[in-house]
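We call the chains A, B, C, D, E and F, going by the order they appear; numbering starts again at 1 in every chain.
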């Protein structure tokens, strides 16, 4: 059994330390994207995992592929071709200065890849798990169609589908997102829904609009989670990360997991992050790890939130931590932790 | 209409991260100085702005000039000649370890430049704004005389004069400073006075000597500001930054602006700084930006303090932020903010 | 009088030292492009110079603009807008390993800029010089049209036009290039033609196809230069760089200048280059510098080839050298020099 | 009079910033080890100091020796020979992510050095001070024997012995440590005992096992200190550092010093550390500095804890600070300080 | 069909540029070893390839494994365990200053790995190719025995054996090498023998001892190659690299291949190397690539020497080039090339 | 017996690679100066050696002192005080682009140090060797007087004086140099005279003015050496380095040594340098090493020139090589070597 993730991987160009782009004469180069991040996490946990995407057959594209392979992800199903790899420029903020991302991802090889290029029957086997996030169908109409055909194949072949709604306002409007994602939701077995995702992606009201006080609004979040299972009965479980954020780095983090009619809540972790990128993907990957390894629900949500806050201490997109590393956080008696 | 700033620009040699000079085999090189910093800020806000100074006509001097030009400052009035550019070595502190600066600025081209080298009649036009800080006359007797001749030219030609008192104990004694600055104050229209400046530069008592508890002493500060306008009736407005500092990085910051017989206070920002250099210059520049763009007093002081605390999150001397960046801080609902 | 150059500026991402992209976790970032390079050279020689282009109004685009301004180029006519700045990845070769460039310049803000966005009547004045290279019309049909409208404006307003044919096989075919460039040539006063340019851009045969032995074929080159003046009588002078190349770094370089019915040849410089990018632009800029400063033809070609080989010792795209630096090369008694 | 420290010095390979080893393509190289750290601190305070150890006579070993000499330590008694220098890899943690050290120190030149190679009669003179930590005898049986022979020499020659118990669980078990250290303790005049050292090294119970709440357990610590003097009457004084730790960086630190039947306590410093390595050695060295310079007990413990928390702000193993730097901390009115 | 290589991989710590270890405060970290280098080359050529070795299950060992996987090598048969990864320090020379390597590879996990840990029946299949170099049996008696058992398994299972004799004087004496290698040679089908290998490893005289004039002694080399096939009739073909070296960087390189009773010689490449490490492994890998892809003998030796000299232009141990990159060298009309 | 060198040590700020200062945002920091370089070389050869100078008692000055101590030089006689350490900025050239040095050394602590600050009676003992170069008296009149008083002390106390004439045109004119140096020469026992030194420093004609063809003019050089011994009969021996230079890096180097009425010539080394700074000091130090260790004249000059060309392969000012490293060069059969 293996987990297959499908999405875009980009070149990330980050200025050193917290320099602004206008101040810097160099960039740290790494590679990432929601589903690539999830795949690497799973490989680090020693789960079988393949990443499906398309990268150009030039040194930049091959570097993206190689970085994923570096951490043990199976890359044999990745397509090679097209013209360019998407890029994002990254200026790390600090305290009151917010992090700044400049996207340069239009016209990427992945966004122009066609549904017919992906042979799901060769990639997926019964018993596998298929993972995608809401970023993927937002990339282009072509990719949206590819997702739909993959999901149909999953439904027909006993392949569990996990979706992290993952709304990105820079990529599409709420209206566009809802049309697409509500349609795709009918194939989803497990739903990861955070922050804005409820309203932006599904039109379900879950909080008052202030992302900085998510934990304070836990009850409305829970109601939103229940509403997902009502509107999409195929969704067997829902999980969310809730946050109270104080500065760019300071925040409280917790996870909730609704399954079999019951809510499981993790402790609240107060942390000072080193880098905020990829915490959601780290949560999703760790959650999947719990699922496929038969963790109890409470352990699953505890493990997932521990992996997520640990990612805040890891540079670059990938959560380069082992299962043992996560257990150490999960079992620590950190005084900044409360339940 | 343009703002003309006049002062020294230096090469700043900072060790990487927080290394001590004795540990480091390299320096990050940047350029800065109070009035150059102000000029760059204004250029970043897209105000017309020229920087007047003197740099040696060698690669080090031309780099200083180029760095200012890089951000859009007009450098056509800068003199080229003399022997050396002033230098300061910079060891960044952390928490209880204070930042350490080693000055190596004596005998710089600027300090030896003569009043006759500056042709104010070619540089300044009626309606312009002239900006200098107390650092400039402290550089040398030559430069002090140049400042005086510039101020006289301003008085005669309808050019507004803004002075940031900016006392530097490493450059001159209080006694020396008071003799010079009290004389120059008679030409000043707008005065920026912080911390030690009241007493050291003007001999006006404004706080109990503990710089770490400025905000707690707000009333005595206000009294000092009023006293400035009493002793120097030509000063139409005064503005100050008040701070409560907890560690090298942690502090509370607020601005006060006295104009037309009324005090305007900004909210208090609690911030954890990335780099402390240039926050005062960032305040002064943003304050000037408000003045010349007709901001209301409350908006002016709010904008200025927002720019100042945002500078704490920007590396090197220059506040490389746009007006929009500052507005984002000013309008944020940051939970560390109180009024 | 000023020189106006028009073309694209890109972000250049170079791996450190000679690392392959697949080996590197960072890039040195600089900015360049044929006409930006020419503009910076002229500014370094203290000639009046403006660069016209379009960059996105984001930190990446503003960095490109700022880097040109850094060296003293007038950037007030640059347009700000559009989505992305073109990029090229750069792997520096060594000896037998050729340098590798990966273009990622499609869909740039410049390539999509419209002729109507450029107001040549505000930019150009009688007596100015207009400089472009064959790269510019190759960027897109829009840009080609913009070039044509600029050239027409020049013809009507006594503005000299200098064109570096600069054929780039990765951007268009010979057939496409010839259709466009032969049309534009009717507006050109001075033509810079190197290597492949004769045949690829104008369909004029000038060498046997082996770029490594250009100097050995000097006579056929001369014939090609004459042929240009025959086919385009408006072209008053032609200049070319000839090279014998031995490895990626080792080569012999010389310049020829045909004007007023006479050929002027520079000495041959044998050099071992540090970086090959921008040597042609350095030649063009130095040649223009000679023209507008009234150098004698022999001095012009000697200066131009000296600037060109000196660029081979300067990293990044821009030829950051002064007129004095070039004179030192020109007047040296280097033993690797022969006439 | 001089202080002689004896122990191992290793090459420390730290990833840049907080990168994981698997993410990094380089290491910062520095050198350190408990007794080398103490020696460097003393040299920085301008005390006479020699470091005794053995390093291989290759560039790696000579670098270790040179780094110590760099700061003014006398290295004339260091042996050169053997095969390898011990190494430790260092991944700096952050907040909830703990710092990770990978030891690669087995079979080092020092660990294989024989007692007969050290000629204590040439190194030590009456009136000197001999300093070692519990790390040294843990290195190997050979080194343990060397320590014992040095201590015997000290006893016979009026040389004061100071021992920092310094238990390292990765090097030996508690059982092994107690057998060796309880034997060596009979030669010790002054004992530095922290955290685990009481129980692990001496079998004396001093706290409840939770290292994060040392200050809260000050009374049991004091009892442990008294117990040391009871069991080892030759020990004339004992000193300890107590800590309450909140995250990897945040903690409260204090020192206690028992001498002449009386306890002296430092104020409590709340600090956010930049790097945690070597704080204990910094304490030990500063404590020794106080002893040999005749500081009063209260001043000694205040100085020692100030040096220790200042080390938390200094990168690498060595506490590169002067006596004056420590006095500044000691005399500051830092608001995070309580007594 | 796949190629399986077996040997040690080490951490390589190189000072930046050409710094001496005593001058440097950091190391570039990469990973390499003869058989790992061969495996990566083959993966870059898109051949199926697995690397068999043992690395410690710590971040350093996992980085070694990941770097190999990065380039597409199958690492599923690598053992994880033991204490340390071998290290070598690398100071790059220049011109007359020779490169300096400090080995720190004793007691590595690989050297202590037992024959019983390797299950060749799970790793190797009939039709595969087994590749090892003379470095591997030199590592330890354990590893020598493992090699022997692997070779026996190959002989019994129709698996071709390729051996690069690769003598390393720092690892064993000629006498030791000859005893072991002459025994192992009876299992070898294809032999790669360079420079010292003839005499040191096999006791066959092939040159006058001056490694700097190998090409000048081509006839005695050929005689040595024939002698190998005479003494070891199982060896079906022999290939060698010959060099004339002028400085650390400058040299002439050629390959010879003896097969089916005939010698094939490559052209001579005169090159100026960027880094000398791994050129022999690059030759071996490219040679194997030719063999398993059915290249004609002349094309095989031309391809192999082209790959080898191209490696001289690639930093670190791995020859990160594609088949197409090598063909470009092979087909270039480089003027420094002679036949 | 020890060698005492006396002169200035400066902070050297070099741009990375070959960047121009205007292109760079950082500097590599190292420390050097003629006599410091000589001292470090001698310490690397394990000769007893002390460096006498004055550095400011700030972190920059202490770093200079520490770097010398790092390599084993005795620094106990160095004075601490004054305001600043001299600086030189260093842009490394390449091929035809010459290296560029920007001095910023005026008003250094050393240049303002007084003769009375140096207590030669505590520093020098009979049998010692005193070494200075012509740079030292050029620093200031104060320092010139200090040199003179030291030389007088040497004459009276049986201390051999070695002087490297070392003319620096940027520091004084030929006229000034000759007045001072011809006076000091009466105390000199051994004279090192290179290139321009003959004429500029002593007014003795030794070559035709073309520094690029020194070896071709060997006979006139020899005549100049003889003339020195004629004009200054106290000078017992003279040694010179002769060079034919082809590019910034390429050159032929040889040494000549005149002693006891006989000339000894080294072989000619053709080398491609990595860095040109300090080759003369490396020659001088190695020459002194030969003298004090009783090398035969031929061995002395061979050793000295080998050390000098090896320095060309070492970055920074100090020749970080051992005696064994030099012997390797001296005894190599390098094909670029001719006698």
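Keep in mind that, in the parts below, a contact is a pair of C-beta atoms (placed from the backbone, for glycine too) under 8 Å apart; a residue touches a chain by one contact, two chains touch by 3 or more.
Everything quoted here is computed from the prediction, not taken from an experiment.
Do the two copies chain D and chain E share over half of their interface residue numbers, or under half; same or different?
same
Between D-E, A-D or B-C, which shows the same interface as D-F, counting it as a repeat when over half of the contact pairs match?
The chain pair with the recurring interface is B-C.
How many angstrom between the C-alpha centroids of chain B and chain A?
The separation of the two C-alpha centroids amounts to 45 Å.
Of all residues in chain E, which are in touch with two or more distinct other chains?
Residues 20, 22, 25, 66, 71 of chain E touch two or more partner chains.
Help me check something: in the complex, which residues belonging to chain E touch chain C?
The touching residues are 71, 269, 271-274, 309-310, 312-316, 318, 320-321, 325, 328-329, 332-336.
Over in the complex, which chain A residues touch chain B? Could you list them?
17-20, 22-23, 93-98, 210, 212, 246-247
Along chain B, where are the residues that touch chain C in the complex?
66-67, 69-72
Residues of chain F touching chain B in their complex?
13, 20-22, 24-30, 58-60, 62-63, 66, 83-84, 87, 89, 91, 100, 102, 104, 106-107
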